[in-house]
Every structure is written in structure tokens, then in C-alpha cells.
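Same chain, two partners: subunit A is paired with subunit B first, then with subunit C.
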Partner chain A sequence: MTETITLTIDGQEVTTEAGKTILEVAREMGKDVPTICYHEATTSNAVCRLCVVEVEGQRVLQPGCIVKAGAGMKVQTRSERVTRSRRTILEMLSSTMDLSEAGDIQSMMYDYGASSSRFPDAQRRESDVKDDNPMYIRDYSKCLLCWRCVQVCAEDAQYTFAINFEGRGFETQIATFFDKPIPETTCVMCGQCVGVCPTGALKPKREFLLESGKSPAEISVMNTGKKQRKPR
Partner chain B sequence: MSEIDLVPLQPAIERYIPLGRSGLLPALHAAQKIYGWLPETVASEIAKRLRVPLADVHGVIEFYSMFYNKPVGKKIIRVCTDQACALKNADGLLNHLCAHHGIEPGQTTGDLSLTIEASPCLGLCEQAPVALVDEAAETNISPNFKNYELGIPRSITYGPLRILTANCGHGTTSLKTYGEYAGLKKAKTLNCIEVIEEVKASGLIGRGGAAFPTGIKGEGAERAIGNQKYVVCNADESEPGTFKDRVLLNDDPHRVIEGMCITAYAVGATKGYIYIRGEYPYIVPVLENALQEARDAGHLGGHFDIEIRVGAGAYICGEETALFESIEGKRGFPRVKPPFPTTYGLFGEPTVINNVETLCNLPLILTEGAQGYRKYGTEKSPGPKLFCVSGDVARPGLYEVSFGVTMRELIDLAGGVANGKKLQAVLLGGAAGAFATGDHLDIKLTFEDLRGAGLPLGSGVVLVYDETRDMRDALQRIGHFFAHESCGKCYPCQIGTRRQMEILDRVADRRVDSGDFIRLQDIGWTMTDASICGLGQTAASAVLSAMKLWPELFMESNDIPMENKEGKGKKTTKPSKKVAEKVSAKKPVKAKTVKKTTGKKTTKKVVKTTKPKAKKSTTKKSTARKTAKKR
Partner chain C sequence: MIKSDRVTTTTCPYCGVGCTLQLHVKDDFIYKVTSPFDSPVNHGNLCVKGRFGYDFVYHPKRVTTPLVRRYLLEGKPKPEGREQVFAVSVDGKPIPDSQISNDWDWLETDWDTALNFVADNLTRIYKRDGSDAMAVYCCAKATNEDNYLLQKMYRALFRTNNVDHCTRLCHAGSVVALQQATGSSAMSNTASQVVMNDVFIVTGSNTSENHPIIALQMKEAVQKHGAKMIVIDPRRIDLVDMAEMWLPLKPGTNVPVFTAMAYVIVEENLVNHDFINDRTEGYTEFLSSLETFTPEYAEEISGVPAEDIRKAARLYANAKNAAIYWGMGISQLSHGTASALALINLAFLTGHIGRDGTGLNPLRGQNNVQGASDMGSMPFHYPGYMRVDNPENRAKWEKAWNIEEGGLSLKLGLTTTEILSHAHEGGIRSLYIMGENPMMSEPNLNETRKHMQHLEFLVAQDIFINESGAFADVFLPATPFAEKDGTFSNTDRRVQRVRAAQPPRGQSRPDWQILCDLALRLESRLGLATAHWTYSNPEEILREMASVNSDYAGITYDRIDKVGLIYPVPTLDHPGTPTLFKESFPRGKGKFHQLEYVPVMEEPNDEYPFILTTGRLLEHWHGGTMTRNSALNEIYPEARVEIHPADAEIHGIRNGDPVKVQSRRGEIIVRATVTEKTSVGVVFLPWHFAEAAANLLTNDALDPQAKIPEFKACAVQVFPARENDLPNPEIDVHRGRY
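Let's turn to the complex of A and B:
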């Protein structure tokens, strides 16, 4: 019943169900197509452009996460143009934000020979940790604007609409209404944004405190004002 | 916060409430008219009334540079510091104004009476230098900054053809003068397929910059199935150096409206929008009046009506899908394509979106017929064409010609390079275009000839730089322009425009880092190849073209290959020679150059948030010195 199509990816012919994206087909073939903003649970917006591939006949590279595999397509997932774009994007990212907790991206950088010091004197996006609620912290120095948190807070999951963007271009940042602290927003502390954050920019408060050297007992005091419960 | 009186807000936004989220930009404009800026309580009230999430309202205010969420001056002066104005000492003008009021660009006076900002291109290039003073254009500002014209800007039109510009140059043309909508009348004697066929046969190609065949667009939308179809006029003319749509809209609005009516008839659209950039506020009443005239005459009404939407300072909204998002009350993020507007456009419905000049061609095609229309222009680029000629030419203005004239003929029409100087370069197609030189003068300005030469026609910009100009300065401004205007959606453009700007700053300051050439190339190719929309894909176009023409500018002196350095190599003789010429030509105007550099630094400060301290003091000092001189 399902329609099948045949296309060529990196010279290999592949027959698959129609309606899949190039990324899906390529990954099924075992190809390593890197992604940052892509997440199964969120709408693909093709923001990071890491999954771009070269499709014969197309003027520019195509984002694999949204472009559907088509019959007769000739796709290259690792051509020179593709690797140059991926490498440069990774280098630009590492010149901009703190990727120390983004292990996946670090391995991509290794894979593509991307240098973290490619851009000297580059302006970085730095901001103080926003620690304004008991559940999670926001460290936008680590944020690479994958949009996932905004999406799950809105129509992709929670319909809470507590966060959106501020600024434009390089100055873009995730923000609440007039930068209000989280408890003064519509946030319901569902934690989905923390769950989809790829870089540790959003982090459970407890994890943050443990990492900053606090002991579980100290954290407990901070939470309740009381000492840790005695074991029964 | 609490002292803000929300009472006047209610009646001002009442009419936008039924529009829901789509009413957001109009409501914010209306509120800003009352309060001068958008305080939190006002934004919150608008969010509540329009039923838009608070964070989203904040996101929208933050996206558009003409919306303010902090108090600004009662009066706002925006001084254009883009390409054409920069050639006419716009930096000097900005510094002069700021020094006079004791503030820095981007700042507001202590008594909140005045804010002065540097602005990207205001679309008044033929009358440079210019500023936008609240809603009035200040043009033809004299070298001593004392004399200027204020109000609705003049239209300066020339050229051997006067078809599209037949009614331009004498103020706004009323419906009475414009006469009946003859093209629409003719269209209505045909069925919609026949109208589309006529447009296809005419070979009309879109004039906004993307060069898409207009007839094909119409065909797609006509075939598409939807609850409602839309016609959108893209009047977000923001490409630096472009001002043709401003002239057409202001002087001959009925030609635009008739073009929209013809399109609506052809595709079966019932609703139209004119999205005009926020930098053209003085045209809004002109359009409102023209739409009313058209309604009174029965051209618009129940079957098809048009609404005006005003942008708020975002170049990206000239990108068709970003423009839809903006009409829908969102941040101007371009959408992923496909789906294309013809099937999934405004509000997700089939939409035809055309540039102002494109629409103005439609009445002509209908009245003359496709064959008659093809009398003008070439086989592959039929029709009349408007060129925005500015910069160092004797007679800057809007030139209407037949497609097929060469760059040399066009520049000659404009009186040649000003003050008897020699030509150094031409910026074709605006900031998103490419640089050409004297070697390209005999190329015909058609889609096919330019494509063959690897040059874009873009939006019809021909911006001339004479031999004394420092192209590094032009490039730096292009860098700052794109860094300021990138929407920030996709990584290549969001970060690439910033990194490109940083390197171009180094180029302009003559402190090129070894490896900058390759870095710039990698950034440029990555933006071109991997960006989501036309902005990112062309953000490096002019820079990459300059790197081909003048590679020396981007290299450390010891990085320059020998044959380049000597200026006698076979391949690269020309650019090197030109640089040599430029350097020698610079000496006599040394004083001027110094002035320009100081000005540039101040401008840079507006866009950039951080700046080395040492420089700051120099800027201040030099500004102070200049003020003293003035007194």
C-alpha cells in the first residue's frame, strides 16, 4: 500500500517509503549526518543547518531534517561543500558560546576537523546564570538557540508560552516577558525545556548546585530550611 | 510603571482586536504613537486584548528596531549612514547632530526630548545625505547641514522612457488624474486563465530581486486550493541603494493598486495587503487616501479589498515568508521553503506576493497586450525597467529605461561620474548584490547578460563610487548592515554576519589578521550555501565579489602573492593598478579621510555593543574637537 521511492545517497541506491526526510533515510542507511536543533519530539525548523546535504540540481545545500527524500534524487551527505559548511558552522558556534557541556558537538568538531580557535577576537555571547526559581537555572552563555525550549513551552508540548526570544541576529537570546524572573511568568515548571536542552544551558537546580560543590545535605537545607530527613 | 495611563490605549487599539494576533504590529504602532515607547503595562494590556502570549509580544517588540521598550525622545532623528549617504558625509552629519545635542548616536537627551540614531538605508539615496525626523524625510542636507528639505521627499525621475514613471515627479497622482483602471477593465474581459497566460507571454520577471517569472507565480496560486487567497504587495523596500518603490507608491499609488486588483482577479484572491516598510511613514496616508478613492470608484470593496500594514525596521521582512510572519503578528523569521507562498503563504493560504514595480507592470501588460509589452526590453528581459542610480554620479535619480542599456549608457544618462572623477566601482543590486568595475561597463543590464557576467540585477541598484573612495569603508558598512539585519534564525547567518563584520572591521582599520582572507571566504561560502533564506544566502555576495576584484584589501601585506604586490602580474594587473591609483588619489584629500575615519568609528559604536576603551576616548576627543571647530 505504501508508495516506495528510489534515490541515490552517496552513490548508493536506496529504496524506501515515500514521505521520509533525507535525514531519516540517510540515518537508516547508517550514515552519520550531524544535527543540533533536530529532536524527534519537536517541529523541525532547520535552524542549525548542520544536517545540510548536497542535492543534485539544487542551487544551495538542503537541510536533511525537513527536505523529503524524492524519487530519483541524487544526494551527497559529505561532499566538499557540505563539510566546509558543517566545519565552519561548528567553528563559528565554538567561537560564540560555551560548549563545554555539549559533548555531542565536541565530537562533531573533532569529526569535521573544526578548530575552536578559528576566529580570533570574536565577540562571544556571554551572560550571567539566571538563578531565579527553585527548579532550574538558565545559563545563556551555553545557549546555541536551537529553539527547542521555546517550542516545547509553546505548541510543541506544553502551551505555556513562558519564553520567547529577545534581540535579533547575533544578539538573539531566549527571554521571558520583559525579562521577568521565571516565577512571575506563566511557567508551570514542567521541566520539558530542561529535558530538550542540548548544551546544559538549562539545568535542574539540584544538578547545578551539586556541580557547584554543594553537598546533598546543604541543598536540602536550602530547599526546606530544615536538615535532611533522618533515615527511618 | 504604574503612572502610565492606559485609558487612551483602549480606543487606539480597539479596531485591531478582532484581528487577533495579526493585529499585533498595528496595535504596537498605535500604542507607540501615544506613549512614544512601549512600556511593560502597555505591552501587557495589548497582549491581553489581542490574546497573544506575553513572551511573544515581548519577542515581537524586541525584533523590530523601530519598536522601543525603553523610553526614547519625543522626537527621533534617524540619520542614514548607509552606502549612498556615507559618500555624502553622513557620518559627519550624525556626529554634528549628536555633538550639538551632547549625546552619542543611539542615545536620548536627558530631558527625553530627542533621540538620535544611525539608521540603515532610508531609501532616499538620490537625495543624500538624509535623515528621518519622526515621520518626515529630511533630504538634500547641505554640506554645512544648515539647509535641507523636510516633509514628503521629492521624486527625481529621469530616463528615455516614461511608462512606469509616467505619473511620477509631480506629487501624488489622484485617481481622477490616473483615470480608469484600463488594465483591470481589459482583464475583466478575459477569464483568469487568459490573464495569467497574457502575463506569462509577456515574460515579466519579478523586480524585487529574486527574478522569478511573475506569470508562473500567478499560475501556481490560481491552481492552488484554499479557503481564501491573498495578494500581497511587497513594499518593504529596504535593500540599500533602492528607492524605486518609494517613488512609485508615493507618486502613482493607483498603478500599484490596479496591479494588485488584476492579480486578485487572475488568481481569485479576496484580500490584499500592502506591507510598507516603517521607514516610509509619510507614504502611509498617501496609500490610505488612494485606497479610499479606489473603494469609492468601486475598484475595491466586498469582492477584493486591501489593507495596509506598516513594518517597523526589519530588512528581513522584505523576504516574502518573513513578511507573512510579520503580517501575522510574529517576529520576522523567514519560513522554510517549500512549501512556497503560492500554495502555503499568508495565514497558510495560497498567496501571490509581488514587488511594487512588478505590480506596476501589470496594467501595462494588459492594456498593451503581451506582444505590445515586449516592444520594450530584450527577448529574455522584456519590459521597461527602473534603475536606482545614486552615489558619485552627476544626476542621481530614478531612471526608467528599456532593458538592454549598458551600465555605461546608464551612468552616462546620469551625467557620468560626479565632479569629473574616474569610476572606481559600482555596487549592483544593493548590499545583497555585487561590485562591478570599469571593466563591466559594457555589460547590458539585463537578467541574462548580468547572469552571464556573474553579476546580479537585484533590485536595480546602481551605486557609483569614484576613484577617491575607500572601498574598505563601503565593505565595512555592508558588514555592519547584515550583522544588524540578520534575523538570527539559522546559525550560518546569525553568527556568520557577525564574524564577517568583525573581519571587515579589521579590513577597514587596516589591521588584517593573517588568515582573514580564508576565514572570510569560508564564512561567505557557508552563508551562501547553508543559510535558510535569501538574506543569508546573499549576505556575503558583495564581499565575495570584492575579494575577487581587490584581494589585496583582505590580506596582510606579506600575505599578498608577489605578482599582486608588484602590480605587474598578468592576471591581476588591473585591481592592483587601481589600488595604486586609489592610494595616490587619496593624498590630496587627506583631511577628508581623517574626518571620515572618526565618523566611522562613532557609527560603528551604534551597532556594536562593546568597543575597546582606547578608541572610545579618541572618538570623544575628535567629536569634541569638531564641535569646537564648528563654534
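Let's turn to the complex of A and C:
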């Protein structure tokens, strides 16, 4: 027999198996708890803080993706404090990075009335597109550091450990060791990272080429297996 | 941002894992591949080939118009000598090669003309020389439906069992061994059960490169579920990093190492007596054959310390659930069947079979090598592994194919390698190749070339003119996976859907349609009653096969629409069978086999001091027809020979130096990679690269039972060479994480 617990979410009492996170329980109840860094295939790390909820008796908002639902908990998933917090996170993200390909986040901004012009003086995190291999490109102007790519490259899937965080604070970026080009790293180009990227920061090369106006016919003759030359 | 016109869910065309792919298509152009995270086999993970390696579909060298040689089209006599001609210019005009007779030019034509040439010539040869002159290579890359039709065409119309495909070159040893010992011939458990193992052995398989997604599951088993992995392989493969033990055996010494493990298990009484009594036979005889196989004896032969053999045996035997996963390092030897039997003996001794999280698991190479074998693309079996020399089986297929009683041949056919070695006057005169590339995948290619040249008529049905198609008389342009419907059966017997994401390019046609069209033309020329060749869709083909092959009886396209089914699926409401042998083996009791150590055919000597072992790379696929016409070739553009630093120093070879690798049969020039990944005395070559084809060197000695060639060990010498001797001296890209 699995242990069951009873808690209250948004005033509704719910009985569920012990061991689930607040996010899981709330979503099972049909609550709309937004997430960005959370992904069903990766370990949750509460990086983006968008899934925060208010738990009675707790001083700060709790990230629903990692905090386990507990017996007797009283949880608010959309209180004024929660809403303000989410709106601010979205506003800070949109002031500093390119969310043009993050459709989910754009609809969250609409839901929460977040304004991308709230912090007009914010410095934007911009960098050049890294196009260093034939398989995928990295456009870190669109990266919100959700950590998923790092995780699937490590223990969540691939055990390759080709990328990690580099730098501190505002300067933080996802990078290879010593920022080397992808072909010179341990990367096996499996593209698990591309598969979990929520913002289009990581993208298949062919999709990138198509977007930049190349026709299918032009793209097809680009990758004709021509040899790379490298001075010895 | 691109908005896709459609997203097509299908199955990956590369390895036997069978990952689910979603092809994102815009204007009939696949620009992205993803995988759903709830996919049953791969959980959303893919490898570089599956995720990025589909661009060959659009490669300008892909042939999408039927081609015939000038001599045929202009009605001239066939010119002497059969030459390799690759070049067909993009606008369709042949590129003359001054060295080669104009009569060998490829000319574009229409389907009617091409198929009539094929039908006329095959009929002519069959009427003149009979069944024994006809032979066909089916294709482990094509769908179940395609393979079923092609073997049906040769069996029903030409009455021959000279039907085989590349399974002969990869797991024939495992298939024969499993059939002898258990009566089945596939993985006993699913690959995803690896996380249920407490201990597992990986041997003769560089899983990280050849079954990348299964390797992820193996790593997960070790890292997250506390499983202990034992790697038994001559190379220090990637998995060794996470292994509890690595036993680096000399290539071709599987039998002594595994039988010594059996010796230890018996000596220390770690055997599962209940299992042996209830489920097996031949144990007493087996015991008597063990005497010589002490771990010390095995150490002498294999170089693996006796103590490690003991430790590995204890780990495996004492585990609650233990499994063995193996690859071609076991089967591709002149004693490949014996090597696989040695593993089977271990599972019988310990009872690590017939439960979830245990098993005997040969990791099948191609996306549909399991399915092609199931479909009877083999010289000894009809679909469903029904022996062709059994009149009862024959009667069943005669009924299904509307053939007069006694019409089908009871004579066992020739295997892949034998078909070519019989290509001479009075032997095989015509060959039909669907999607295979024997001029890369056969051993001793210099010999193979002569055999190809001795064929009177050769048909290639493919997407590119590869090294073998370049010898053909007629080229029939088929469609790749992205342009056809059907099913693939993956390594763990899961039958999954393949779906067209776009219409066929140019005039190319799905294989099943080409085969039906041709079969009708043949039937009318041969004056035969029809064996039924009018199908409105591939599912009808599968259902015809399943009406006789009970393993597939319960499979319909509807049932496998979302998630595949793991055969045997005997009825329409059967849920599938992930774990085999829970109650019994198909042959009744599992049979122990007594083994003796037979060395590889060609042992090193002073003249050829190294053992060459061959294998595959993550970035490439087999003969390279697909991956060498892909961006994958940019990240791994050249073959390199791996040599151990100690050996390299003696021979004065530095990393990146050009070297000549020479065997008794041929030589190639490649760059050297000096690495401890290989062992002292052993050099490794990948076999994907035509310009430095490893199979020019390999030995065509065959396993007596399975007829599988000894790709994994031959004797070679390595000499320093000059830069200019390299086929492409300008390339020097040392890549490959593994």
C-alpha cells in the first residue's frame, strides 16, 4: 500500500500518493502552474522559479517542481504574491534576452500581464550565434539558463559532460570547456540538448539555414559530405 | 521561426534500437528531427545519426530516375569486363570515362523500359540455367514488407532459396547458436530491461557507438540503479569508464574465456541446479568437456588474468538478475557459433534467462535486420524461421502463394558470401541486390570484386549508386525510409511503424511497389499462375505474411499505430512478449553445448605481427551509402587505424602519420591514431570508408555452421607510408569522442 496524504490547494482538499511534488499534484488537479526550466525528462532544479507557489507558514514562495506535497499543507497557486513574483520574473527575462522563439513564455507573459518594457535600462544578454559544427547552432542571446541542456548532456541522459555553466552572475553562460568549438570537445552531437531547449537557443543547423533564407535545394548541396581541411 | 507543414512519426533507419523519430517537414523538406519523450524505446533520446543524419535523402547524388547501361538500351552485346561506374551527372547526361567502354555508360530511362530489361534478362537466365543460377540479396534496411516480397518473388517465381541478406555478415553465428540451444533467434529480453539487471556482461559490442541509446540505458543502470557492468572486449571502449571490470581478451578467444567462467561457476558450485534440472539437457556431457578450460588455461590463450575470469564468473553467477549483451565481437569469427554458444552455456548454468532483467541478448545491428530475418530473407528459412527443407512448411507457403503442390524448392539456398563465390559459369549467373553493398561489407573485397565481375546480370535497387550498384546492369531508384510506409522490427522484437513524411523524390518508388510491378512482369513472362502481387497498401503485405507466421499473427497497423508490439504476438488481442522463455524454450529444453577452443584462422606471425579487428563508428553506418552522403561525413571524413602506443613506438609511428596496413589479401593507406583504446598487438579499423576499405584486408574464412566470415581477426603488418600515398592527404580530422 502506498501512503496517501491530504492537503489543500487553492482551497480544494486533495488526497494523493505521498512523494509527489506540489507541481505534480496541482497539475493533476488541472491547475495551470507555469514552468520554464521544468521538463519531464530532466531532474528538476528550481532554476527559473516560475512554478513558485505560496505555502501557508513558509516565509518565502516555494518552487513547486521540487518541494514535495506534504500532509496538511495549504497551498496557493495563484495568489497575488505568486502572480507578482511570476510577472516580475517574466519581465526580467524579457528585458534581458530574446524570447522571440519561446512561444510558451510569450503566452505566459500575456497571461500574467507582464510588460517587456518594465526594465528599459536593463542590459541585454547578447552574443553572436555559434555556428561551429555541421549539426546544430548555439544562439545564447536566446538562452535563459534553464539548465536542461547541461543536464541531458550529463546524468539525465547522455553522460557526455560536454557543456556546463561558465562565468558568474550576469556573465553566466552555457559553454564548452574553455569555450572550445563543439568538434573539439567531448560532444558526440547527439543533440539531446537541442531536443530540450525551450527557447530556440539550440537549433538544428538545417532549420537555422532554412530560417536564414536558404532554400532546400541550396541547403542540400551544402552538406554534400565535403571534406573539412585542417592544417597539420 | 519555421512552422512545419506536418510532423511525421516514424522509426529511425539506422541501428537496431528502433528509436521513434518525428520528422518536421516544410515544403517537402525535413528540417528537424525530434523524438517524443514518452517514446517506449528511447525516451526522447537520439544519437547523431538519428537526429541529424537524414540529409542523405536530399543529397544531389541520390538517383531518382531508372538507369540502364548503354549496351542494353542500344541493344548491343554486353561488353567484356564489368566495370564500376558511379557517375551520373546531375542533369542526367552520363559522364564519359575514357578508361571505360562507352557501352557501360548509365543512361536515364523510364520505369517500363528498366523493369522490362530486368524481367527479360532474369527470365532468360532462369529459363536457360534454372533456379540455381538465380540469387537475391534482401535488405536489413528495408521494411518487413519489402523483404517479404523480395524473398517471395525469388522463392515463388524462380523456385530458389538463394535468398540472403547481411545478417549473414553480422549475427549469423548468434542466430544459429540460439536456434541450436533454445530454438529461438532473437534477443530474449528487451534492451530497456537493462535497468533491471544487477550484473550485466557487455561483450564484443562497442555499444556507445553502435547502439548509442542502449548504451545510455546501460550507463543509467550503472549510475542510477547500482548495476555492475562487466566489459569483455579487446578494446578499451567507452563503457569501460563505468564498468566494474574490464577483461581485455585477445580477439577470437571468446570460447576459452567464457568457458573458463563456466568452469569457475561449476568448480565453486555457483550453478542453479533447479534451472539445470528443469529447463536444460546435456549438462552431464557439458561438464565432461569443461576439464581443460581452467582460468589459467584461458589466461594463457586470451591474456585475461585468471583471477579476473574468476571474479567475473562469481559476479555473474551470484547476481540476482544478470544478463549478457553481445555484438559482433562474438559472432564475426570463424567460430562465431561456438562463441555465442559459450555465452548461452553461461546463462543455462546460472539460470539467468526466462525472467525480466536477465537474458541472452545479441544486439542486432541494422534497423530491420531482425525483421528481414523474420521475413525469411535467409537461405534456410521461410518467414517465421520455418525450415525450407521441411515439406510441411513448404506446403503452407505453397498454399499462401497459390503454387502447385511441390512447386517450392526444398533445397537449402546459398548464403551471402557463398552466392558471390559461386558467381561463375554453371553457378550463380544473376544477382538482385536491394539496398545492400557487398562491395563494402563482404570480406576480402579483391576477391568479391572478381565475383561481381563474373555475374552475367546484376540489378541494383537502391537510393545511391554505391560500390556494388556501380557494377549493375540496371539501377532501380527506390525511396529511403522517409518516403515509404511499412514496419521495422527492432533488436528487441518490437514491430514499429515507418511512415512516409514526403512523396517520393523524382521518379523514385517505394521498394514494395517496384517489386510488385516487377513480379507481375516476371509472372507473365514465366507463364505462372499468380502468387498475388496486387496490394493496395503495405499492410496487406504484412497481413499475408502474418497469416502463416504466427509470431506476427496479432500485428495490425492499427494496433501498432502509437506504440509498437513486441512479437511473438500470436493473436489479435495478445499484448506482446517482452521476455521470452518464461515457461519453456521453443525447442523444449535448453541444450548445453560442448565446446572446444579453435584459434582464429589467421594468427599473427613475424611477417604479419598484428591482429586486425574491424568495427564501426558512431558517426557512420556500415557501407556508408547513407552516412557518407550526409553531413555526418564532415564530422568524421576519413578512416584511421588505431594502434597502441607501445606498438607505434616500435614501428616509429606518430599520431596522425600515414601508414600502410597490409594483409595477405590487400593493403590500404590510412592515418594512424595512436591510442591506448586498442591493446598491444591489436590494430583496429572502421570499415565504412570505400577509399580505405578495411574489408580489402579481412579474411573470408567462414564459420562452418553459420557461414559468417571472420571479420574480427586477421593478421596484418603496419608500415609507415607517405602523405601522398593517402587517398585524401588533405584530410586530417581526428575526431570521435569514443
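The rule is simple: the second predicted complex is superposed on the first by the 224 of 232 C-alpha atoms of A that agree within 3 Å, B and C clash if a C-alpha of one lies under 4 Å from a C-alpha of the other, contacts with A are read in each partner's own complex, and residues count from 1 in each chain.
Following the convention adopted for this analysis, contacts are C-beta pairs under 8 Å (C-beta built on N, C-alpha and C of every residue); 3 or more make two chains touch, one makes a residue touch a chain.
Quick caveat: nothing in here was measured; it's all calculated off a predicted structure.
A.B. asks: When the two structures are laid over each other on subunit A, do subunit B and subunit C clash or fit?
C.D. replies: Pair status: fit.
A.B. asks: Which holds for A:L210: it touches subunit B only (first), subunit C only (second), both, or neither?
C.D. replies: second
A.B. asks: Examine A:V221 and indicate which partner it touches, taking first as subunit B and second as subunit C; both and neither are also allowed.
C.D. replies: In the superposition, A:V221 touches subunit C alone.
A.B. asks: Who does A:C197 touch here: subunit B (first), subunit C (second), both, or neither?
C.D. replies: A:C197: touches no partner chain.
A.B. asks: Classify the contacts of A:I105 with the two partner chains as first (subunit B alone), second (subunit C alone), both, or neither.
C.D. replies: neither
A.B. asks: Quick check on the superposed pair: does A:T186 touch subunit B, subunit C, both, or neither? Answer first, second, both or neither.
C.D. replies: In the superposition, A:T186 contacts both subunit B and subunit C.
A.B. asks: Mind working out whether A:I5 is in touch with subunit B, subunit C, both or neither, as first, second, both or neither?
C.D. replies: A:I5 sits against neither subunit B nor subunit C.
A.B. asks: Based on the superposed arrangement, let me know which partner A:M92 touches: subunit B (first), subunit C (second), both, or neither?
C.D. replies: first
A.B. asks: If you've got the overlay open, could you tell me the nearest Cα approach between subunit B and subunit C in whole angstrom?
C.D. replies: 11
A.B. asks: Shared contact residues on subunit A, subunit B side and subunit C side combined as an intersection?
C.D. replies: Touching subunit B and subunit C on subunit A: residues 186.
A.B. asks: Which residues of subunit A touch subunit C in their complex?
C.D. replies: For this pair, the touching residues of subunit A are 39-41, 100-101, 133-136, 152, 155, 157-160, 183, 186-192, 194-195, 200, 204-207, 210-211, 216, 219-221, 223-230, 232.
A.B. asks: Over in the complex, which subunit C residues touch subunit A? Could you list them?
C.D. replies: Spelled out, the residues of subunit C in touch with subunit A are 1-2, 24, 26-35, 37, 43-48, 51-52, 55, 58-61, 212, 216, 219, 223-224, 242, 618-619, 628-635, 637-638, 656, 728, 730-733, 735, 737-738.
A.B. asks: Which bits of subunit B are touching subunit A when the two form their complex?
C.D. replies: 40, 43-44, 47, 53-59, 62-63, 65, 69, 314, 331, 336, 483-492, 494-499, 502, 513, 519, 522-523, 525-526, 528-532, 537, 609-610
A.B. asks: Looking at the complex, which residues from subunit A come into contact with subunit B?
C.D. replies: Subunit A reaches subunit B through residues 45-50, 52, 60-61, 63, 66, 81, 84-85, 87-89, 92-93, 95-96, 118-123, 144-145, 154, 161-172, 175-178, 185-186.
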